[in-house]
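Each of the next two complexes has chain A plus one more chain, namely chain B in the first and chain C in the second.
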Partner chain A sequence: MKTKKAQIKMFETIAVLLIFFVLIGFGLIFYSRIQSQGFQAKLDENFELKAIQTAQLVSFLPELQCSSDGIITDDCFDTLKVEALHEIINNPQNKDIKNNYYFDVFGSSEITIEQIYPVVDSWPIYKKIPDDYKAKSSVKIPISLYDAKKREYGFGILNIDVYG
Partner chain B sequence: MDKMKKNKKSQAEIVGLVIIVLLITIGILFIVKFVVLKENPNTKIDFVHSELASNMINVMLKTTVTDCKRSSVTELFKDCAAVQSHIDCDDDGIPDSCEKVNETIKIILDESLVKWRNQYEFRAYKPSYKEHPLSSYGKCIKRGNVASATYPIPIDMGTLFVRLDICS
Partner chain C sequence: MRTKKGMISAQFNWVFILVAGVLILLFFGSLVLKAKESSDIAIAETVLTNMQTIMTGAEVSVRTINPIEIPNEEIKVSCNSLSVGKISKPITKNKIVFAPETIDGTTLLAWAFNWNAPYHVTNFLYLTTPNIKYVFINSPGTEAEKIFNLLPDKINKKKVDFSNVPNTGNYIKLIFFNKPGIPSLPSNLNNFPDNKVSAINVKTGSNEIKFFRKTGATFTLDGSIGYIGDPMILGAVFSGTFEDYECNVKKARNKLNIVSMVYRERTSKLSDSVGGICKSYYDLPPTDYSTASIDQIISDVSLIESHNKYLQSFSCPTIY
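Let's look at the complex of A and B:
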């Protein structure tokens, strides 16, 4: 009789332990799922930050910025410089500059400058899209486009698409 | 004596059970609060909207209105807000700085914020005549997260404020 009672007690303990481990297992699965989601969110955020970083970098590029007597005007691109950079980067003879120097600066991205006022115009500056990209992030920043020949400021948009 | 001992034992078991249930509940609440209900940081959206609002006004005010004696938007706003306007873009003897500045702003906003389907509110107003702005475009239906930029323009009698709200 005493052996039967002890056996029941033992089964009870085993059942409690089993339930305990099952609960811990569920907890661990839940925690790992949440952690992996958090990790993915962090990766996405870093990718978005990369797009912002590229946008900031292009905004302050000396090859494009307006300047007068060495004084730089914020949020302004000189259209003569824009045209020159467009020609340099997209010239097949300067493939090395595009693939080495500018790839280090811009990475896998597409940069276009659009003018929407007074006339609609567009200058594709840089384009390097990987064949197997998984994510794309776009940033649009309004900029002044200074026409040094006419001494006029136009309204433009800096379009940046970053691929990851 | 034996009955009392048994009663005490079951009481202790119930207390143990209550503690376990409490611990599990606190754990679940903790997970819900800090993991499930955690708001994702919208770093990019926050940056883009604040940059968009300030750059948009900054660039817009600097823009040269080509068919109005190469005046800038700021100059046209100043003239429009003056007691007596004098800029006559089409030389017909009637000052039209208000018309021209509104026309230019509409083109710029239509080609940018409207095209990108951003909700916005653009206003150019004198503080004393806030109800009758010189220029007013767009309307924010939902004012959840608003990125704003305000630029003051000194005019003959006081200050003209140009404000852009971008809502999301």
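Let's look at the complex of A and C:
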């Protein structure tokens, strides 16, 4: 009789422990779900930040900016520099510059400069799109384009797509 | 018999409680440790992400010093990475950041300066804290005065005679100009810890900077390297170690090489489209600036500068 009582007491204790751990398990699952949602939101935020940083970086790139006697004009790209950089980056002889230097700077992204006025034209500057990207962020910045040969200004758009 | 059974049952209960208690304590203990670890990682990640944003922002607003409030975490800065605790983030190849090895405290001073050779190549970013004192030793000539005046007032700087070097502050960097041989250590800094005092000696005649570290009561030479322009002297003032400075100079020269390739291509296009007197000035030297000597770079810079002046005076499209 006493053995039976002791056994019941034992089962009671085990059951209490079991319920205790099940409740903790539920709590942990709930907590980790909320944490992972917060983590994802942080990842998204960082990705958007990276896209803006890349856009800012391209806007202030000395390889593209207009200058007169060393004085930089903001939001202006020199079309001759644009053409030159396009040729340098896309020249197979300069593979190292593209894959090593510019990949480190721009990462997985696509940078294109489009001229809208006076003539429509486009220069793909840099392109590295991963096959299995999960996110894409696009930034478009209006810019003026200076043609040093004709000494006249045009208008264009700087397109930056960042992949993550 | 009954008493024996009861005793065994009571003992078993206690053993059971002990095991279960230890397991529960271990479980919660590990949970707390994991939570602390992940919170530390989250703080480090936030600090580093904010630092990268600060660096990108400060880099484009040149000649403006930005005092920035930062969390009181030790941030380690090297030429290629930033790190807080075990977490580190890379500094990309286009970012040239001259900074002390460690940033302590709650205020970060970020300052950017444009580097031209002679066209705009990049902006150097200088990071420091008010804890670091930059002491310029008075010397004949105008170079020390010029570099001292270039530094914003918010930077903890002082210009003194060798005999009046202050011995207060967390870290002291001495800046000598054209001092022959190895500079001697001011006697009142003898008791300072070795890792809290360092010095540079700028040789303006040979465009060379020598780095020294304190070993006991003397300075020991760490290394020497050539510089191009005042922004690189400022870089040496802010750099924590010779190795970091050397690495940043390499990055700067690599950037100069890439920007020069663009200018070379651009001027050859300009040369094709213009005629007459302009054409003869569109010839840029085909030098590889990542490996060229400092003298070669300086001579090329003055050649391009003079060509640009001629082009300007003949109303031709300029090189830069």
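As a working rule, the second predicted complex is superposed on the first by the 132 of 164 C-alpha atoms of A that agree within 3 Å, B and C clash if a C-alpha of one lies under 4 Å from a C-alpha of the other, contacts with A are read in each partner's own complex, and residues count from 1 in each chain.
Note that in this section a contact is a pair of C-beta atoms (placed from the backbone, for glycine too) under 8 Å apart; a residue touches a chain by one contact, two chains touch by 3 or more.
Remember, it's a predicted structure, so these values are computed and weren't measured experimentally.
Participant: Figure out whether A:49 sits in contact with chain B (first) or chain C (second), or with both, or with neither.
Facilitator: A:49 contacts both chain B and chain C.
Participant: A:118 contacts which: chain B (first), chain C (second), both, neither?
Facilitator: Once the two structures are laid over each other on A, A:118 reaches chain B alone.
Participant: If we overlay the two complexes on their shared chain A, which of chain B and chain C does A:57 touch? Say first, second, both or neither.
Facilitator: second
Participant: On the A-aligned overlay, A:164 touches which partner chain: chain B = first, chain C = second, or both, or neither?
Facilitator: After superposition on chain A, A:164 lies in contact with neither partner.
Participant: A:142 contacts which: chain B (first), chain C (second), both, neither?
Facilitator: In the superposed model, A:142 contacts chain B only, not chain C.
Participant: On the A-aligned overlay, A:68 touches which partner chain: chain B = first, chain C = second, or both, or neither?
Facilitator: A:68 sits against chain C, while chain B stays out of touch.
Participant: Of the residues on chain A, which ones does chain B touch that chain C also touches?
Facilitator: 49, 151
Participant: Considering the complex alone, what residue numbers of chain C touch chain A?
Facilitator: Where chain C meets chain A, its residues are 2, 5-6, 9, 16, 20, 27, 49, 52-53, 56-57, 59-60, 92-94, 116, 118-123, 254, 258-259, 261-263, 265-266, 269-270, 273-274, 308, 312, 317-318, 320.
Participant: Spell out the residues on chain A that touch chain C in their complex, using ranges where they run on.
Facilitator: 2-3, 6, 13, 17, 24, 46, 49, 53, 56-57, 60, 62-63, 65, 67-70, 72, 78, 80-81, 83-85, 87-88, 94, 97, 100-101, 104-105, 148-149, 151
Participant: Provide the residue numbers of chain B that touch chain A in the complex, in ascending order.
Facilitator: By the definition above, chain B touches chain A via 24, 27, 31, 35-36, 40-41, 43-44, 47-48, 51-52, 55-56, 58-60, 62-64, 66-67, 70, 72, 104, 107-108, 111-112, 116.
Participant: Please name which positions on chain A make contact with chain B in the complex.
Facilitator: 23, 27, 30, 34, 38, 41, 45, 48-49, 51-52, 74-76, 116-118, 120, 137, 139-144, 151-157
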